[in-house]
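Written below as structure tokens is the structure these notes are about.
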């Protein structure tokens, strides 16, 4: 069995941990972020350990553990990982080496919309980072914006996408700023607009923000979406329509791509250094 | 009331200068030729706002759409941190700086004030105009502080600054070595300190520092070599942060860093010192406020990058700064076209502002150019 | 006469019932979240409130409506803007106070008022600094800190962080990175309260460029001692505390006002 | 380069829009206006309806035909072997109009046409600029039109006259970037921030050098007779400008709010043309008739507002039209108070001196290009308030306009001393996605009812039923 490598991604809303044997995903775990990244990391790693033990393996067997995400440096300081890599490189590597993606022509553009920030990543033919853009503008472009709108609409994050797909006349949000969009959503609700049309308006506003990021680095096929917002079918479809590219499926939960990429980079490092554990 | 960091950096030297009856005049933009102030026997002090973390007084005058550098300087001014200045020189470095000075003078006028107007284009007529402006500045200093700015005193002042420039050249060489003997943050700290010190004192401290850097064992070669460009940045913390991620800042074109002090005088400048200063300010200045001089700016970055053998260029601008914000975007297009990887960073001016966001971007950039830890 | 004041803001809807012969005695009050169905909910909420105040519907002399969605208040006698209502409440309860700093959920207002309780000058918050109340609430949810225990937490802050982002929604990512740099929740909330307080100070200074006039603080944020302390330190003089829950100030004003017979 | 959503260029779509009104003359009937509006998508239909309101229709049609001619000249320039010169809104177009081989285009006017007349406004072109990596705090006035130019599928000018240096850093840098990326010449003329004789002398040299560079670029000498004929008509425009200016003074103001929106492009596009004269004459004639009839679009003129800088252009119906319906008069925005003076036509030099004086006191150059930004701006606003009997001043707070933002607090303090209330709004004058019009209406209403109308005429007041118990009934 090829060496085991771990990847741990402590983000702003959720934290994920993944164990790979070569490219094969053998275990994964996900928790909501507590207010301290190290505590969060310990919790998600122990959950991963339970799964590993159920298949007769053990976290300590890992040849390399790489941390990424907001809390990556604190996780390394607490010696829960060997070293850390930015979530941008990890999402790039994770998507490029993902099970179904690797088989096809290969991913070149990754649109990652997380809870607190959004990024678009371009990788070269070897899956290495070639360019990236992050939302320096106001936060209307991050997953947090959808979370805010769901509270106002009174729906859960998972219901927002399907609700929006049922829209017949999507409303057009007149503002880019999430403060005003929220007020507008309340206005539309008061005036009895169909909730599906409002939900679609929210998802299109989100797609607008994503596309302005994509324009900064340009798009080259194959394109994929990762991060929590990728699960919103309405946002994904609108971005696909506007870009003229279908999002390829990675054969991997979009939220795990960061941790998966970290583990892949770990295995590449192990392979390069010829280590055998 | 927060002590002006610049004054603290100068520490006791500024106090001894003032205790000895010395006068201090504040300026903000490096277009201001400090030699004219030296020649008038006045200590030039670059107004800065290092470590200013709150801007509530300034936000009542300027708006949140004005850059953090201007708001932080006005905050310290309104808090009285610059009351020790005997006079202030406004330069039309940029629109927002003009607004900052106009508010400063409107609310708390300095005892002596002069407005140095620098053209945005390089033509024979704008050169004549700037020479005339420098003579008006000299006359105003004379009226305000009594010492006549003769050619002899100006030549002497320029020669003293040229010696400092030579030392700064040695410092730059140390920084550009394959295994740099001095870090980017150390080099920037020297230049920043110099902007608040009497020239003779700065020369002495600088040469001592250079000897110290040369004597100490050279650290291992850095993972990646970077050039730091853009401007209105005198935040050593930012450079320290970048370098802690494995990207050594071996060269810079910051206006508060090397660019401001590396401008050369033309041959035979002693024959017409005022004219030479005017020419250096206009033709020599590779500041993005010179709206027809992109070729010379691009050349400076490319030449510096080649000489310092950098792997990538980081261009920084303070949020809301159009002059550098747009220029960085243009330089990025030009450099990336020539295969030079560029990271454009936008940040709020101020202590440890946006630290988390910038570390992620810098680490990703270092990973992109094959570096990082 | 018994009057009801109803302030329908973007975040919360505030209702009060008072008898204006004894305005110091708030007979009943409620605060509820403004949702998409607030228009229909208010019908029942008003009945509930009157029941709590033991006032039959017939004896209710006036319903004053204010706030972003005032038009939705069923059976409103009149609609008046927020500045007028806050000024009226402050003039009634705090004679001699000349400035009201109203720090609401969505926006904040610096209001100067004359002796008759009429607003004279208004300074609204910077657009990007709006949503202060929601920012606090969102941070509370993320770091699981209830709004009521912020003050206790902040008291123990060792090294308050500095929030520099002007877009309040965007400042959340700045807070996350502080947490990930090891800042404690106390430090983070101390930083948030001081940045919100300083925004209010800058707004007050715009209203009174010279010396600060006697002032009070109203709106939801005025409940937080940590924010109040920053404002008082920034302005250099103590505030005159609003005698009731500062979050109800606009609703109280709406209950105290009536149509001026002289002007249709 | 980033991918682009730009499928059709701004200029090209605008030409299509104006094609619809090509045949329109005089005062069209309600039916024909209805027919035209039905052809338009929602955004332009809502906005252009404000141009055809009965009390402004005649001037509206004349104005739209003037802009149409201005655009069609540029459209046909290449075919006619003439060069298209991009001229910023703070530089007089007469200099370009005086050449046979050149046609002027003003990017800010095209951006305004996109905001008013194109579906979705100018946002997609702005997004293209962002795609190139430009920071989001730059000014949309130029960036929308130039975003379309840089998208590669729209009319590209042959050269840019960059006259923003000295008055505006943001636009100076955008012109530099566009001329570099497109590889077209930038004819730069700086406004010295120096009101002294030395400043004027330097500007005089710059202007004359610019004429020589234009002559070289166009391979055509500035013809004195053609210039004299043009500036004679420009002097006629100046006369009409002052007649319209005076007509703003009576209470209630007979000049409809939207005429202020027409006045700006009359100056920036075809000043000194027959079309500009016809539009000005129509505005003066109709305003004079309204003065005699004491016509005012609302029951009472409740407040007269002077806008301190730009205003908002993405919803003309809901700003200029809405203000009129509330009884709020839009007297002028300070960029239209440029105090034109007749030009001495005796010689080539006297005419050039006249154009130099016009450029020196041109919008934005007068205020932000002066030695003291706050000093000059306060002078112009205070004069406008007194001369046009304004009740209040509104600063639109265009978020990218950092020089005006940096000194608006000084303007506020000085106006407060004059007892004139100042409203400071926040938004983007050309992009509706920064602050929606509904929020702006709400803030203007709160300001007017609190500080302007409330103080004087007490309409619809509410009063405190009872002071606190200690002071007895009020």
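Per-chain residue numbering starts at 1, and chain names A, B, C and D are given in the order in which the chains are listed.
The criterion applied here is as follows: contacts are C-beta pairs under 8 Å (C-beta built on N, C-alpha and C of every residue); 3 or more make two chains touch, one makes a residue touch a chain.
On a predicted model such as this, the values are computed, not experimentally measured, just so you know.
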Per mean C-alpha coordinates, the chain lying farthest from chain A is D
Here the gap between chain A and chain C, centre to centre from mean Cα coordinates and rounded to Å, is 38
Distance between the CA centroids of chain A and chain B (whole Å) is 41
Note: chain A residues in touch with at least two other chains are 70, 73, 117, 136, 177, 183
Two or more other chains are touched by the chain B residues 60, 63, 346, 356-357
Residues in chain D with touches to at least two other chains are numbered 132-133, 135, 399, 409, 413, 434-435
Contact graph of the chains (line, ring, star, complete, other): complete
Counting only contacts in the complex, chain C reaches chain A at residues 10, 34-39, 68-69, 72, 106, 127-128, 130-131, 134, 138, 142-144, 167-170, 172-173, 176-177, 179-182, 185
Touching chain D in the complex, chain C uses residues 1, 3, 20-24, 78, 80-81, 83-84, 88, 91-93, 95, 116-124, 126-128, 206, 209, 256-260, 262-264
Residue positions on chain B within touch of chain D in the complex are 60-63, 65-67, 70, 92, 94-96, 98-100, 102-103, 106, 115, 117, 119-121, 123, 125-126, 129, 132, 288-289, 291-292, 294, 317, 319-320, 322-323, 325-327, 329-330, 332-334, 344, 346
As the complex stands, chain D meets chain C at residues 399, 409, 412-413, 421, 424, 426-427, 434-435, 443, 445-447, 449-451, 454, 458-471, 474
The answer for chain D against chain A in the complex is residues 1-5, 127-128, 130-133, 135-136, 432-439
